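Please find the structures below.
Next come two complexes, and both contain chain A; in the first it sits with chain B, in the second with chain C.
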Partner chain A sequence: MRQRSLIAITAALAAGALTLTACGSRDSGDKGSDSGNGGTTVTIGVDAPLTGDLSALGLGIRNSVDLAAKQANKKNYVKGITFKVESLDDQAQPSSGQTNATKFVGEPGVLGVVGPLNSSVAQSMQKVFDDAKLVEVSPANTSPDLTQGPNWRTSKSRTYKSYFRTATTDAIQGPFAAQYVYNKAKKTKAFVIDDKKTYGAGLAGTFTDEFKKLGGKIVGTEHINPDTKDFSAVATKVKNSGAQVVYYGGEYPQAGPLSKQIKAAGAKIPLVGGDGIYADDFIKLAGASGTGDLATSVGAPVETLPSAKEFVDNYKAAGYKEAYAAYGGYSYDSAWSIIEAVKKVVDDNGGKLPSDARAKITAAMQNVSFDGVTGKVSFDEYGDATNKQLTVYSVTGGAWKAVESGTYNGS
Partner chain B sequence: MNELPQQLVNGLLLGSMYGLVAIGYTMVYGIVQLINFAHGEIFMTGAFGALTVYAYILPDGTSMWVALPLMLVGAILVATTVAVGAERFAYRPLRSAPRLAPLITAIGLSLALQQAVWAWYPGAKSARTFPSIPGGPFEIGNVTIQTGDIFLVCAAPLSMAFLAYFVMRTRTGRGMQATAQDPDTAKLMGINTDRIIVVAFALGATFAAVGSVAYGLKYGQIDFRMGFILGLKAFTAAVLGGIGNIYGAMLGGLVLGVAEALSTAYISDIPGMDKFGSQSWADVWAFVLLILVLLFRPQGLLGERVADRA
Partner chain C sequence: MSGIGPLEPGEGTRAWDTAQEAPLGRRRAPLAALYARHRRAVLALAATAAVLAGGGYLYATRPQQPPPPEVPYPAQVVAMSYLRDRATPPGAPARSFSFEVLMRVESGPAVTVTRVTQPYAGLSAAAAPHVPFRTKAGAPRKITITMHVTECGKVPKDAGMPFLEVTLRNTRAIQIQSFILGPHYAQHLSRALKVACSNSGT
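Our next item is the complex of A and B:
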């Protein structure tokens, strides 16, 4: 009797677990694409966090790539080719990213991948894609190591020829924030916090270097643990340090509560972050006291670019449930650069995909150049975007408002 | 420069929350020797129960003073239902199985609960905002206490007092003590041990639910993973205080919370230690403390009050 009930329970639990897994994967499955142009189908892979804390950004990426594929199919942009999107969820984990990369490489129909969101995830994927000569375009990675090698401060060298990105790097974003804070906002004492991840620590490092060079003083540094929500001890330190501004290298799930708790502790100073906090969820999490917080993000605001109006309209018309978020325009441009590369390869081969399509597309990517949502899209010798524009945003009346755009020209 | 009082308060607040959750671990362990790893998730479902009452049952714009008691009731209802259900359907059938079987079941249950909330609770795929108590912070000297923390300041000692009264003075409470000492003899003396075990699970869940409302008010947001790390910390607190001892759980929680706050605040000031003093090292120092305590007092700070067990 005992035995039987044990088996029954085990079976019930296993069935329950399987049902749940099914629910999870259904959500991250490919989300439609227009078929019907006939001919060959080319799959564009998407790897982004589709669940968890960063899903607001990840779902925006997925939807924007889906939109690019739909537009290309509608215009019949590459004759005889139908684009299909397959999205996988990396949960912002490097290990999941690598699994997904291996999966994409194993599917012969996948000729390009857009993603990931996180620099740390990209590190785990680059080699897998490069070995298969499968092109990867990230709309959001900002760590300089990814394109210019680990010693980018002294000698730049490109490690992976198949990796490109439409986002600008921390090597530009951190100093740009430092210049704005010191020169425009006239703050001379900063407290620097990061989450020890590739992205956050990199950003905090480049901010610190530039801020000191300008003559500012770093009155304290702190590294937080991204797994907790209790930053009260850190907030008390910030308050007693006499800082005029807090620079945070990291992402909005921690930045929101951190900003809230710093202000609650009695330090009424703005928190400044990179594109990782430039999300509507940051405002939600930081609450009313988040007004006045600043973020830098790559490119000019999507809404103000004439080239972006069409994207915004099409996105609305397509009726996606989630907003395109911080990286929508870059994701669209990333996907479109793959489409352009496919077009070039197909045109050169008399209207058909060559047998070594992956290698040819990767090679063609280097010379892609077109007017995208975020301006002119092309890549330099390291695979970085040639567009180096950045914008400072501030939280005003419950929304991000652009303060000023500019181009960082080194120091 | 004098940030010690504030850091102590930060640590005590965090520690009270650990303590509230740790009580559930310690009570269940004291009676059935099961480490209920799903307890962190019971804490999480409590928070979502409270949010459900506020967001879906009460009309919009209900004053927090009216809503808060109802949210507390909602949290306790959901958490105890989940805990009692888990006991009845997952743990009771395994009660005479080897120790590892219920432990693995607990881990499985913890994952299942997380995924269930993730999949079926509206908007739970990212963090949900939790209502907050209006009004500015209170200043006592140079110590600031947030309005959201007032609930915790009142609830933690009250819960503790209630628990002490319940265990020491009521019939059921004495039945719990007897079952903890020797379940077989307790049964012979006419104590319905099955009922006592259910009560232990329900009480543990009630305190976790109080803790979860405090968590929501303190941080202003809840998510499906909130119980995991907090559950681990609370379990640590229970071990630190002496697992099986309810006062030990609270004391362990407070010690752990204060240790985390003080290590974040002061270790980086020690010359040569600046690399090891940030908040990301606080957990390391907390566990160093745990190991030191267990080296010298293997039974935990307050020891295991229960008599030796064969």
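Our next item is the complex of A and C:
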């Protein structure tokens, strides 16, 4: 009797244990391995300002690329390939960018580069990469000439076939801002300021052209020195011009203090800028008087993109110290486009990288198409993103809030 | 001699002041007696608990279908492109002009257009078919937009990047989206505005 009972309880416990064991083994079998895939390691380079005024944006780019590589490795997305990331600091300087480009080209394991942040830096890197057929995907460059050539206003011509970008160009961003300012905000007199850099001057130019076409008046223009933070002389000129709005072509380290000093000079008018000022640091630098300032930024508002939510969750889970900032989603998509191109080349070559991998990856990039963090990711004949969405944000209650969203279709 | 002795007892050593454990039999006696009295019940309970635990674990870790993807926001699935200029419909007021756009819903449920406007003062816009109208994924719809110049002094002399403002609704949300229709629309609009206002002093 006692033995029978013991057998019964043992059987019941064994059944339970076996059940649990079976569940456990089935579960872990589906997950695959999180560790490296073995085989070949492919390096994705990152060039961005990792130190200095713009480092908040640059570190967000670096971390987002790192996240893409980790996700690809975790999913074993390209069989036999492990991705790693090597990041170099360009300090937002064209000369540093060119040095970094040369370094990446000299490393055979680097098969694609994400970056840079600044259009002026990109200009110094494009030829270096193109000569080596090393693909470059920028998440943030907005200067039209990088893809459409120096005469893009009259005749578009692609100079570098290895250059792509996931960001929208100033050819759309500046006019979109002008349309909003003139038609929606009902401002007809603008004062235009830029920092003389490729990005800032270009953006100010496209805004000015459209604003004048619409019937608006430019009541003053100024250039500032980005190395200073004292803009009191310019602020006084803005005050005396009778402008209803200031358009600034440049980035947030200067735009924040500029906005603050314009208001302090007595001109209680909004400052409007492009994606270069769409950063939380702008709000901190501009202070309370920055409420009502506006920025256009490439892409749709993150909260309307389901794919973005997954990115935000994964970024948080990865525990990066710095925020993904304005270009995080675009950086992830830039890195993933390289991963997709590598996958295509490897798949077409019997599961291995070919000897001329760089050239083949550059060619494959032209036909990459996938649903990314920022929407559908693919490139047109110039290397520009086909997804051309823009959003106007306003500083409201100490944060950027979307107030207008647009989609460009130039076909 | 100073210093700290070994942290772990050495092999064969034993602390002198450790109390002797009570004989096991005396401590276990009440439990054993209880078990002897209710052996069947205890065994049955243990077996039930094991089965329940196993079943519960199985239930909690059962393979589940991933939740269906959320319905996308309407602005994320609608594409609008300029097609061509069109003859103004009969009965349209003077200083009107028309053009055709193609609306596509790329995926998800049908999207209803509830309003079509344009941002310039001095211009009004109307759509045919009349709003509201629905468009399904995979069934592109041609829309004729007729604009009427109400005040020439308030229309733009020129525009590089004009857009249409369209209010879209699906089961997820209502959104107002600006559709920038590109250079062909810009040229058509500029030309039409010049013609409409060429003989007008207003």
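Worth pointing out:
The working rule: the second predicted complex is superposed on the first by the 372 of 411 C-alpha atoms of A that agree within 3 Å, B and C clash if a C-alpha of one lies under 4 Å from a C-alpha of the other, contacts with A are read in each partner's own complex, and residues count from 1 in each chain.
Keep in mind that, in the parts below, a residue touches a chain if its C-beta (ideal position, glycine included) is under 8 Å from a C-beta of that chain, and two chains touch if they have at least 3 such contacts.
Just so it is clear, the model here is predicted, and its values are computed rather than measured.
Of the two partner chains placed around the shared chain by superposition, neither chain B nor chain C is touched by A:Gly205. Within the superposed three-chain model, A:Ile172 lies in touch with chain C and out of touch with chain B [touch as defined at top]. Of the two partner chains placed by superposition, only chain B is touched by A:Ile224; chain C is not. After overlaying the two complexes on the shared chain, residue contacts for A:Gly39 are found with neither chain B nor chain C.
Contacts of A:Gly292 after superposition on the shared chain: neither chain B nor chain C is touched. Once the two complexes are laid over each other on the shared chain, residue contacts for A:Pro306 go to chain C alone; chain B is not touched. Look at A:Leu214: by the touch rule set out above, it reaches chain C but stays clear of chain B.
By the touch criterion defined above, A:Thr407 reaches chain C but does not reach chain B. When both complexes are aligned on chain A by C-alpha atoms, chain A residues 2, 5, 9, 13, 16, 20, 23 touch chain B in the first and chain C in the second.
Interface residues of chain A facing chain C in the complex, by the touch rule stated above, are 2, 5, 8-9, 12-13, 15-16, 19-20, 23, 27, 172, 175-176, 178-179, 183-184, 209-210, 213-215, 300, 304-306, 375, 388, 404-411. Against chain A, in their complex, chain B makes its touches with residues 1, 3, 6-7, 10-11, 13-14, 89-90, 93-94, 96-97, 105, 108, 111-112, 115-116, 118-119, 125-127, 129, 132, 137, 144, 146, 218-221, 223, 225-226, 229, 260-262, 264-265, 278-283. By the touch criterion stated above, chain C contacts chain A in their complex at residues 39-40, 43, 46-47, 50-51, 53-55, 57-58, 61, 69-70, 72-73, 75-76, 79-82, 119-121, 156-163, 173, 175-183. Residues 2, 5-6, 9, 13, 16-17, 20-21, 23-24, 51-53, 55-56, 196, 221-225, 227-234, 236-237, 239-240, 253, 256-257, 260, 264-266, 281, 284-285, 287 of chain A touch chain B in their complex.
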